[in-house]
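Look at the two complexes coming up: chain A is in both, with chain B in one and chain C in the other.
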Partner chain A sequence: MVFIGSFALALALVLALYVVGASLVGARRRLPALVDSANHALWAMAGMVGAAAGVLLTGLLTSDFSIKYVAEHSSTTLPTFYKVTALWGGQGGSLLLWTFLLAVFAAVVAWQNRHTGLELTPYALMTLALVATFFLVMLNFITPPFARVFPHPAEGGDLNPLLQNYWMAIHPPSLYTGYVSTTVPFAFAVAALISGRLDDAWIRRTRRWALFSWFFLSLGNLFGARWAYEVLGWGGYWAWDPVENAAFMPWLMMTAYLHSVMIQERKDMLKVWNLALIGLAFALTLFGTFITRSGVISSVHSFTQSGLGPYFSGFLGLVVVSYSGLLLYRVGRLRSAAELESFVSREAAFLFNNLVLVGIAFAIFWGTIFPIISEAVRGVKITVGPPFFNRVNAPLALALLFLMGVGPLIAWRRATIRNLALNFSLPAALGAAVGGGAALLGVTQWYVLATLSLAAFVLATVMLEFSRGVNARRRTVNEALPRALSNLVAKNNRRYGGYIVHVGVVMAFVGIVASSFFKVEVKRSLGPNQSLDIGDYQLKYLGVSADETFHLERVNARLELSRAGRPLGMLEPGRLFYKLQQQPATQIALRSTPGADLYVVFAGLDPKTGLATFQVFLTPLVFWLWAGGVVMALGTVIAMWPDVREREAIARAWERQAMGLGAGESAGFEGEPF
Partner chain B sequence: MRVKPRFLIGGGLIAAAIIYLIATAIRNTAEYYLTVPEVAAAADTLKGQPLRIAGRVKPASVSWDPSTLRLVFTIVPIPSASGAPSADGAKSHAGTAAASVDGVEAPKAALRQPANLARTRGDRVYALAGEVKTLLDQTQPPNGASIGIDPKYGPNTGPPSFVVICVGQPKPDMFAENRDVIVEGKLTSSGTVAAEQVLTSCPSKYTPESKK
Partner chain C sequence: MKRLALFAIFAILAAAGLPRGLALARTVSSAPKVSVNEVAEGLTCQCGCGLTVANCNMPTCSFSVPVREQIEKMINAGLSRHQILGLFRAKYGEKILSAPEAHGFNALAWVMPFAMLFIGAAGILIALARWRGKQLRPASAPEEEETVQHYDRRLRYRLKREIERLG
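Let's turn to the complex of A and B:
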């Protein structure tokens, strides 16, 4: 059984190497049959990696402790659900999952592009297979997931309790999906550079992949934040931890990329910039993995530290150097005909948005690696914490929010005063009114005022766009309001999906700002029947109750919650003790409402005095961060939705391209069986 | 794309603004991340500065009062994992072995004699072997090197340590004797550390090799 797993991984490595060679030779010598065989080999490789993942999963489910990985990350008492998630609870397994996703994506790319000729696709597949080769070398030689342990233990070491949580079940796969799928646009960028086909074909062909990647990066970050919120028990969701930063930076790059490719598609500008952005996004996913696994920067999220650091940094260096080399080699042919005409134009707004996003990513990168730099340069390790990141990113984020309102409405090329007045007088007035109103209500922090004001501004621009579109449909096609709205979105899904994402971002913004500025915290130890006040809530401690499963022990504190004298039921935060890992953990009690979250941590029970220590947070509007995440996801799905017209347009473009290549050759390729 | 100079200037201004933001933010928010011996070595200059100190909770030094949320403990150096003989917290220079002098068991610190003091470092702990002469002789140390021995971390009093006082925070879940912690706070003039936060790092807990 275990032998099958190792064998499948070895075979996958051989197949990956074959794909690299066959696609390269097939593309260079124009041999469709060889490229086809590379496709088949890629599918076989995906099958092999899938088989290996299946074997490891079976080992986890059957508690086969002769496999070292299973013995270390699972146990017989671990609930079945977490036995499955233990697949990514450790080093070897998470790399295997990573490789599996990469193999599946590569196989899908090969399938999607099986009729698209020899110009770009073989090089893209070669790049994907090269990346897969690196991970397969890791899996075969450096951290083999099927290493045996002899004699095998009767009981496993159990999964880290912090990972025994349902957010941890979905957070890593989402993030990995987002990380890994950036490889696809990157691979096509490499293909464009190698082949010299430097128009926007590579962008169009991977537009949906880029959105897919962005979607999962967004979800992965949000799930991670939610996990931190529910499990770590400190009342916050984001601490600018190196690993959080590592997950956030690719997201920023992909956000910038998704916006700037629109400019290339429409205006044929920013070609080098787009190629650089996707290269950076991919490099940052590798950097993220490097940070998480190398332990060079300490982090609360580094659950899988090991000696993989040098390999990842080596591979990262190789990628950066060779990609930069390719880019430099082609830079002379990447000149654009169009040029920027005015600061007050949509092109400029998008460009500024890109600069700000990249600036935020750079600031985060700098803050993350600052301890290493300062140690190397000055011999002292100097760390920068959340104050640094908040201070730098707050003004940049406000600029971004402003540009988010400006970008979609401002005219292309050069906006006139008339255009500005027509589009922005209403949103600007609304923004000013909201900001002024908040000030009158007693909000004094300028940052909060600016956020509220800009949030209203952005929402107003989105509403304006929707109402204009709907009104146009009602007038011209004579549709009723709901139908006009759904048709508007369905027929322009990229555009209106994007606007919906913007609404989600605004909601998240408001949630983040309100929860950062107005969070209230009370820490107190209570004896039975004593109570504490927070806001207008009152918590009365009644006592504890204990229970036990064979996996863990739990002590719950019983707290009676009331608000302004009105009873609201019981809250039962708990303290857990995981028996196998001999490790305590906390289980928060949460009462979440759109207005505010009441978050209770049972921080300790003193055996001598019987005093129970509680840490209680009242966080206003944090609900809207999560709600905004849902709206962002919805908008992305709408923007990704298959679009028949677009597909036909791409198919026509491929045909034209194939004709240009020579009818005989492409006909032969199309007719090839596979 | 040919870019007009004014757009280059515009982009340059944005880049400069971002770099300015980063630079000022670093200047205002940076914290020194130091180990216990490093803090001990530079205690005078570090007083009042925001610090992050990595160390280990000394056994039998913890006092916790839940009614006032007052946690007091002593932080000692983390033994280095590099195999150096430094069980009591002193890092030793490579190649110098611990030795016993005159039948007295020397601590596992680098052994130095007055003649080779020149290459010592201020943040290390050394055992000094030699014959004590009159004060007059000591004012003229060989090689021009001078040495000040702080009794706090001299060979007989053990490794450097600090008393950490943290008030108003619950005791972290993973906090225990012999656990590695990161203390965020300031060194007070009395030599104790006033901590704003005590973070428990998860040391070898997740690396299976060291699981007992």
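Let's turn to the complex of A and C:
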């Protein structure tokens, strides 16, 4: 079986190389049959990588410890669920998952574009196959997941206990899906640069892929934050760790890209900028992998450090240099007849939105690599941690929130004073009222007041947009309110899906700021029947219970929870001990409500005194961070939903291209935020 | 409709549990100025967890647990956050601080993000001014000719579509 896996990976590498060659030659010499064969080879490559992943998964499920990867990352006592997730719990497996996702996406792209001619698609497939080639070289020669161990052990080393959590089942695959799918728009950008088809056709054909990538990057980051919240047991969810930063930066770039492509689609501007953004987003996904794998920067998330760093940095360098070269080669043809009537316009607002997003990404990048720079220049290793990132990003985040409110309502081309007054007087008044109200209620932190004001401002702008759209439908088509609302969203899904995403972002913002500023912490040791108070909650310690499986030992503390004297049930935080890894772990107890999360950590039991130590956090509004994530996901799905008008626009774009017309005449959609 | 929008916003904020969150905020706002956590947030735990001393939650951590106790004693002795961080820096070196100091070479860490932002903002303003200038400038003869050709192509394209539709 191991032989099948190794052989499948070797064959996949050969097929990937064939796709590179056949796509390039087929496109240059206009040979459709050769390009067709490249498509077939790509599908076969996806099949081979899928087969290899299947073999490794089978090895994990059957505890085949003759495979070194299985012996190191699984055990006979590991629950089946975690045997599956162990596929991405180590180096070779996670690279295999990455390559599998890339191969599947490339196969889907080849299928979607099998009738679109030789202009862009072959070059895009070539790029996808080139990236796959790099990963397949890693899998075949550098970290082979099917390396054997002899004599094979009777028991495996087990999966890292921190990874034995249900969020790890969906966090890495979501993040990888987000990372890997950025390769598709990047590949079409490369195709546009090579082929010289520099209008917005490549953007339109990859719009849904870009949204797909953004969707999964958002989920991947949120799931990772949730994992940290539940597993690391420190009451927080984001520590500005290098690996967290590395996952956040591509999200910021993709967010900037999704906004700036609207300008290109509508005004035929920012061509170079959009190409640069997608190149940066892809490069940052490689940078993220480099950070996770290399161990150059220490991280709480680096479970799979190895000697892959130089290979990834080499590939990253190659990508950056060759893509920059292509961009410089075409820069003369990318200049557009840009026109702008006013600094006070939606175009200008979008540009500043891009500046802030890229500014935040740069600040995070700079903070992440500064320890390396400091060590290289001064020979002194320093730490760049949360205080730096919070302080630098706080004002930028407020600016972003403000622009998120301005963008949807400010007029295209030129905003008049009347337009500004009409659109912004109510949101501004509401923002001021909410900020003032919060101040009267006793909030003194200016940052919190500003966030609440701006959050209300953004929500009001979104509500205004919805109410105007619904009103217009009710007047013109005479529809009832619910029907008018659903039709409004259905017929302008891209625009209103984007607004819903904005609402989700605002909810997340409020959750983040409130939970950062107002978290309350109590640490106390209690004997049986003793209580502690936090906020208006009371926790009474009743005692401990213990249980044991083949895999782990667990000690649970039983705490009776009440609020203002009203019983609310039991909480059972625990201490776990994983036998094979000889490693302790925390199992938190959580009571989550929209108002606040009560988060209880059982820190330990003193056998001499019988005292149990608890660390309890009361974190206001953190619920809204996760709820905001759900709303963001919902909005993105609505924005991604197939749109007949868009399909027609793409078809027309191709037709125009064939007739030698520019993209400037393209029919952009009215004011859509996505 | 505006009233409906207003109502919806307040309903969302009310549902968000904001009043309760704000009540908690009041409690926190009235707490003493320097807490152990505020100081511990400025120090990096040296146990290898990669978190700050405030966030390292290993109950038996050989570094963060005694350091938090030391911080508490120092606060009780009347030392400020700045003084406490200075003492730890003197003992363990720069690596103990969770953020770079704002002087010397390390100031670059703080300055660069904002410098790049200002450069970017200046670049955008210059580009906007140029684009705006282009819009305001009267079109020269060759540009007019190009526009005519451009519209000519558009008209031909529209004509082709109309003919196809009729056919």
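Please note the rule applied: the second predicted complex is superposed on the first by the 649 of 674 C-alpha atoms of A that agree within 3 Å, B and C clash if a C-alpha of one lies under 4 Å from a C-alpha of the other, contacts with A are read in each partner's own complex, and residues count from 1 in each chain.
The definition used in the following text is that contacts are C-beta pairs under 8 Å (C-beta built on N, C-alpha and C of every residue); 3 or more make two chains touch, one makes a residue touch a chain.
Note that the coordinates shown come from a computational prediction; the quantities given were computed from them, not determined experimentally.
Model built by superposing both complexes on chain A: chain B and chain C clash. The larger set of touched chain A residues comes from C, when the choice is between chain B and chain C. Of the two partner chains placed by the overlay, only chain B lies in contact with A:Thr609; chain C stays clear of it. Of the two partner chains placed by superposition, chain B and chain C are both touched by A:Ile382.
In the superposition on chain A, A:Leu97 makes contact with neither chain B nor chain C.
Of the two partner chains, chain B is the only one that A:Asn160 touches; chain C does not reach it. Looking at the shared chain after the overlay, A:Ala107 reaches neither chain B nor chain C. When both complexes are overlaid on chain A, the residue A:Leu464 reaches chain C alone and has no touch with chain B.
By the touch criterion defined above, A:Val392 lies against chain B and chain C together after alignment on the C-alpha atoms of chain A. Contact with neither chain B nor chain C is seen for A:Ala633 once the two complexes are overlaid on the shared chain. Contacts of A:Leu340 after superposition: both chain B and chain C are touched.
Across the two superposed structures, the residue set of chain A contacted by chain B and also by chain C is 233, 269, 298, 300, 338-340, 343, 348, 351-352, 355-356, 359, 362-363, 366-367, 370, 380-385, 387-388, 391-392, 396, 586, 601, 603-604, 613, 615. Residues 1-2, 4-6, 8-9, 12-13, 15-29, 37, 41-42, 44, 48-52, 55-57, 59-60, 93-100, 105-106, 108-110, 112-114, 116-117, 120-121, 124-125, 127-128, 131-132, 134-135, 150, 153-154, 156-157, 160 of chain C touch chain A in their complex. By the touch criterion stated above, chain A contacts chain B in their complex at residues 72, 157, 160, 233, 269-271, 298, 300, 303-306, 335-336, 338-340, 343, 348, 351-352, 355-356, 359, 362-363, 366-367, 370-371, 380-385, 387-388, 391-392, 395-396, 523-525, 575, 581, 583-586, 601, 603-604, 606, 609, 611, 613, 615. For chain B in complex with chain A, the residues that touch the partner chain are 1-4, 7, 10-11, 14-15, 18, 21-22, 24-26, 28-34, 52, 64, 66-67, 69, 168-171, 173-174, 201-202, 205-208, 211. On chain A, the positions that touch chain C within their shared complex are 232-236, 239, 241, 269, 298-300, 337-343, 348, 351-352, 355-356, 358-359, 362-363, 366-367, 370, 374, 377-378, 380-388, 391-392, 396, 426, 430, 434, 438, 441-445, 448, 456, 459-460, 463-464, 466-468, 470-471, 507, 510, 514, 517-521, 535, 586, 593-596, 601, 603-604, 613, 615, 618, 620-621, 623-624, 656, 659-662, 665.
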